[in-house]
């Protein structure tokens, strides 16, 4: 009886299994398979097995920029994630104050960047970062800063990319953090206050530990999402100047659709996925977010 | 305005606004608590007991009135500087800290040296017999153990004023009794002052030096527990205290007696004197003061055996009377029973104001 | 295996696995409940009471043993087809439905016509005096009202077997007493069978036709409440029942008497007979059966005034004895007190097994 | 009335003042780009170059761009397609995420954690690598230029992420709610749908939002799997107007953005309560 | 997107006309021929579609047994076409740029038309246009237009079209000083090398040698890069870091005097500037005396190989009829008259020239603009359609952006471009064994 129930319970997981396996198992297998071939536009109908050559090329041949791409991907992912989370958390803390008025108004306005299609916002932002005509240079001009060639200088390009990405993403982090903050029992703060804790102490000793699991979950999923977030780099800098802001996913895209090097693009994607999966599994393990209650 | 009391509340008013509706929770509460005294605030749910404690601790600020602790007015002092300790209704133990860290928390905030902290925590843990649990996490504790941790955390500070909000409410009857005894013991030993909130009167009677009865934002009574129990100053207090509570019956005043329906109950002449000039009063008589085997006839509605004794619900015309008897008697529904009510054990209340007459 | 009982549990075993650790919760529980009987399962927290109810309802499946309802073996029947009703410890009122919809829910599932549903809901709501609340949402209800809604939902089905898991645990003492009376009344009127779980013995004594005492997964006793109270069959039962519970004291057996330290307590000869051949036994004596004014000297540790009576904690050498007295006596800590223990009110238990000897 | 707590009031005022300052600045930053695009859409000069600080307060307002989009282009066909895909994605995602989340939280399914992590990791593979094999697969199953194909493609990622969110949420709801319903006559599955699903409303609303956003704003998959013009979505139409058609019609592009963005914002603001309370609104309390 | 930028002409030829998903159906009469259906992806712009629909109606009238199933609004289609081809579901007939189609042909996705049509057919087109569709002597498409960039200028600021770069610089400086608008709007920062190829040639450079090996590391490249660097960063007559979109906006709003762009954007400029608009060939580079020579590319109709589309021989026959018809005289005259496309069909081209010379174009200023555009056709270079070319765009972009970002010198940029391109070719297996010889340069 019990055994039958356990087997029956698997039926609840059937839809997601079907959905994900249907949409990913064949594509993933296919991608793995062609990454061992020379499939490209010029070996289109007839391509052949070439073993690990694509992988060896990517990992050893400096022309494939692998180290640089990995470094850029890390800058992009970590550089975006940290300010996003800090800003999201900070705003959530501010909004969580019980004596604050107009909370809904502020919160609604913070939702706007999230609610607007990212793809459109990015096109707007690419105009705003423009050297001669972008509104940003005009605004910083008001306080006497000389115009900056945002997208054509590596450092500034990173700044622009990350700021844009932060703008796009902070609402998501703010809302998740805010709702997690609101679920912390108020008594915990009150007892600490009675026990002599000031505002900073309460933050460090109660808020942070209570938020740990949310922070980790949001951090892990945010890391994965940002790592594979294609549009900001693609639309704003296209990886430039040079390849100095190019990241793995954008570069794979170029390999696939500019050079029609489907096999190489697959190999890049698979390497990227393996790196990501290893990190995700480590983070899942460490954070125990999949553990049950209690 | 100041008195010699250790804690003094003077004319405290407090209201809350919920969606433009104003709820008056406290309406001029004044209360003096002496040093080393154990005061219990007793009252039904939702009548402002917690709010009062929160005002004392500074977590809430009163709309009007003053709070003095040890002679000093504290209204402008934030909670962390009032040197009070508090136990919350639901414990409020930090779920992510071990028991040790929970108890040590107030000391760490005072930046005491590590060794001293460890020593103090160990001492108080031994006092509460939780020294074996110090390494556990809260989710590994039973309700009673959590309770002790919360109390330990409050005690370790060495605060002179301890505020406790229904600290035993979530415990088993069994454990509750033991915990109650220990707490009382501890307070005697260490001599701190306690303001304790509960809606369980057994607890109030067992623990309190004085009981403050709070209802509808007003102190209904403030006195020694047995005094309140024996001579409640109004019918609300009478109906609230005692389990089962006092029977309250409308009676007609007669010469040297009162009339319950057709039954005449003789009363002492000094009482009779005081009832003069009234036609109807409310008579209060404790269920345990009614004896079986008298002239007053009723029919049994229900018998509740409660171990030590039984409660028999008796219907006399439209009045329902509860009688406590020795548990060996066994009446069942429908039985006829005869009761004796002795006039000199009864109290009398004004029919309209509900105040005690005598 | 079958008997004529309405509900029959036969040798029920159940264990849980938590992180590779196996916890044996029920270890061979057998229980017969007759039609129309009100059985209370009483036991400390975490000893498997809820688990037992869940097995009866089918929400949990036992590892071993059989459940029969009305003569039919139900082990392979899912909860929805067992025709039982259940009230959960935390009410489990659907927060997104109105009170009416909550109560109507089981009827809607039976696809009764709308008018009939409305009629039945109204009836049961009147019975429980919540007919005015039918349009409210659960968050607008007080604890006691939620309680009634949960009970109404269970009653409306007309199920013959009602399972209730500490239904009154979250209520005020005051309201709890009233609710208790109403429930008992209702059950008498409608005649359904109830299995009721609680860890509050007052409740058990007041409600039960029979009480099943559960501890460590084993039924310690199953009998009429007063019988258990008066003649507990082992020391655990003795120490669990009664508030304060029975005093349990190690005594030496002497000719026609027992020795508590140096004090001799005479016992009737038929009891003396049964104790023959033992050197030590455990004497059980209820706190209310100890009188003040005797030869046994002790010092007062603590006096708890509980309104109706007071509990005095007395230390005699290393034994602590609780004595219930009239509340008018006023002893304070350190007073010397003299007690009288009458041997024919005492019970005696085997020193090693804890079983009742006589 | 006596003044009580004046010293504490000063601290409070400083704290609130700083809070409001930060909030106002962030609100401006949040709204500004959108304001900028709204202004541009109302501006008859179709040029980014003509936007100056001064033009942030428009002097002439023109609705030409809106007219062009709504009546010169098959806007409503695109809108219909986008909405159908978004709706389909919402339905599939919510059902799958809910069932999976419920199973993860409630049911004893040995190996479920490993299984779900494995499924999650499969979805890490970027669409760059999956788009061609998916195309081949869809082509052989005749799913190119269909709603089903895209709806399924959109649903997979949202479902699995949503399942995690649902699981975390259901963990906070006592199981007695479904169990009461089971005793009252529902099977486990139906108890989940009738009782647990309404109780998880906040998180379900959140998953709906994610699903909607994913489908409504996607460009890459739509571009790969839709060739037929009458199946175009808003993003494809937008890309055509903004990029393919050499976007000199900057104001048209801006107006398109506004038309496309406003419904989402309306939904977000309507769902604000749920978004804010994803964690704390669990029905159990 | 970047994939489209790799060849700007790709993006000009797409469309979204949603009129219907199939043509207006053949007349019922099934004559001697058995009915056949061919699938077509149409990549025309909206104005071109008006012309195309007329042509289509005529086609179906003439060949009632051929049912043409058109998918309109196919944008940026090369990679979509490849995916569809991999699945064996490519359209039978497709329209793409000569260079992108060249890749598809080299990959075996397109039919070698030389095997089906005799050379008399090919000789009906402008030699440069048909040659754009020639890879190793095989013809894989029939052109329907030629396209290239010219110099557009605003007559309000520019008194006469500069004929040399020296004049160009002078005028730009003057305009800048006098009117406070940009002399030139040329967004170097986002260049992928399509337009830059003209200047590279003007400074004496050649993209590939006859073996198909890149020749980017040359003084020509260095000089060309520096020339534009100076105009932008030293003289400041050309704005920094702007996109092509912004270039156009600056020019149309009168904030820039000169722009280099193709006739596909003519409509926008005419409607913005009207009679102030002028067009002329790109100037002669003063240092070399050579004229800047833009790529002359073509767009045209191709037929998928049976492996890619699953077409039957009968469908191929119908497709051959179709592509000849839509690149025929009438069809290209429609395109010229309605959309302003420069015809690739010789007779149409000549007819268009005649119209221009006779001043038959209204308004009259449009005539002189078209004349300027036609004149540029004399000074172009062939648009390489060899597969190696696909490595040029991103490589060029990478280093030109680094150079303009001040991270490397012009010399380094030129060196890196060439070596990176060669390395890319090696890594992808196109070097040295997969070199396709370039047919003779036509101009």
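Note that the chains take the letters A, B, C, D and E in the order they are written out, and that residue 1 is the start of every chain.
Just so it is clear, contacts are C-beta pairs under 8 Å (C-beta built on N, C-alpha and C of every residue); 3 or more make two chains touch, one makes a residue touch a chain.
Chains and their UniProt names: A = Conserved Archaeal transport protein; B, C = ABC transporter ATPase component; D = Sugar transport system permease protein.
Keep in mind that this is a model prediction, so the values were computed, not measured.
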| item | value |
| --- | --- |
| Greatest separation from subunit B - chain, by CA centre | E |
| Innermost chain by mean C-alpha position | D |
| Most distant chain from subunit C, judged by the mean position of its C-alpha atoms | E |
| Between subunit A and subunit C, centroid-to-centroid distance (C-alpha), Å | 57 |
| Whole-Å gap between the CA centroids of subunit B and subunit E | 92 |
| For subunit D paired with subunit E, centre-to-centre distance based on mean C-alpha positions, whole Å | 39 |
| Residue numbers of subunit D (touch at least two other chains) | 48-49, 132, 136 |
| Subunit E residues counted as touching two or more neighbouring chains | 1, 86, 246 |
| Touching two or more other chains - residue numbers and ranges from subunit B | 78 |
| Residues of subunit A touching subunit D in the complex | 5-6, 9-10, 12-13, 15-17, 19-28, 30-31, 90-91, 94-95, 97, 99-100, 104-121, 123-125, 127-128, 130, 133, 135, 138-139, 142, 167, 171, 175-176, 178-180, 182-183, 214, 217, 221, 224, 228, 230, 249, 252-253, 256-257, 262, 265-266, 268-270, 272-273, 276-277, 280-281, 284, 289-290, 292-293 |
| Subunit D - residues contacting subunit A, complex | 12, 15-16, 19, 22-23, 26-27, 29-31, 33-34, 36-37, 48-49, 51-53, 92, 95-97, 99-100, 102-103, 105, 107-110, 112-113, 115-117, 119-130, 132-134, 136-137, 152-153, 155-156, 159-161, 163-164, 168, 171-172, 213, 216-217, 219-220, 235, 238, 242, 253, 257, 260-261, 264-265, 267-269, 272, 275-281 |
| Parts of subunit C lying in touch with subunit B, wherever the complex brings them together | 44-46, 142-143, 172-174, 177, 180-181, 184-185, 188, 199-202, 205-206, 225-226, 229, 240-244, 286, 288, 302, 304-308, 311, 313, 324, 327, 333 |
| Subunit B-facing residues of subunit A, complex | 185, 187-188, 190-198, 201, 205-206, 209-210, 212, 294 |
| Of all residues in subunit D, those that touch subunit C in their complex | 174, 176-177, 179-187, 195, 198-199, 201, 283-284 |
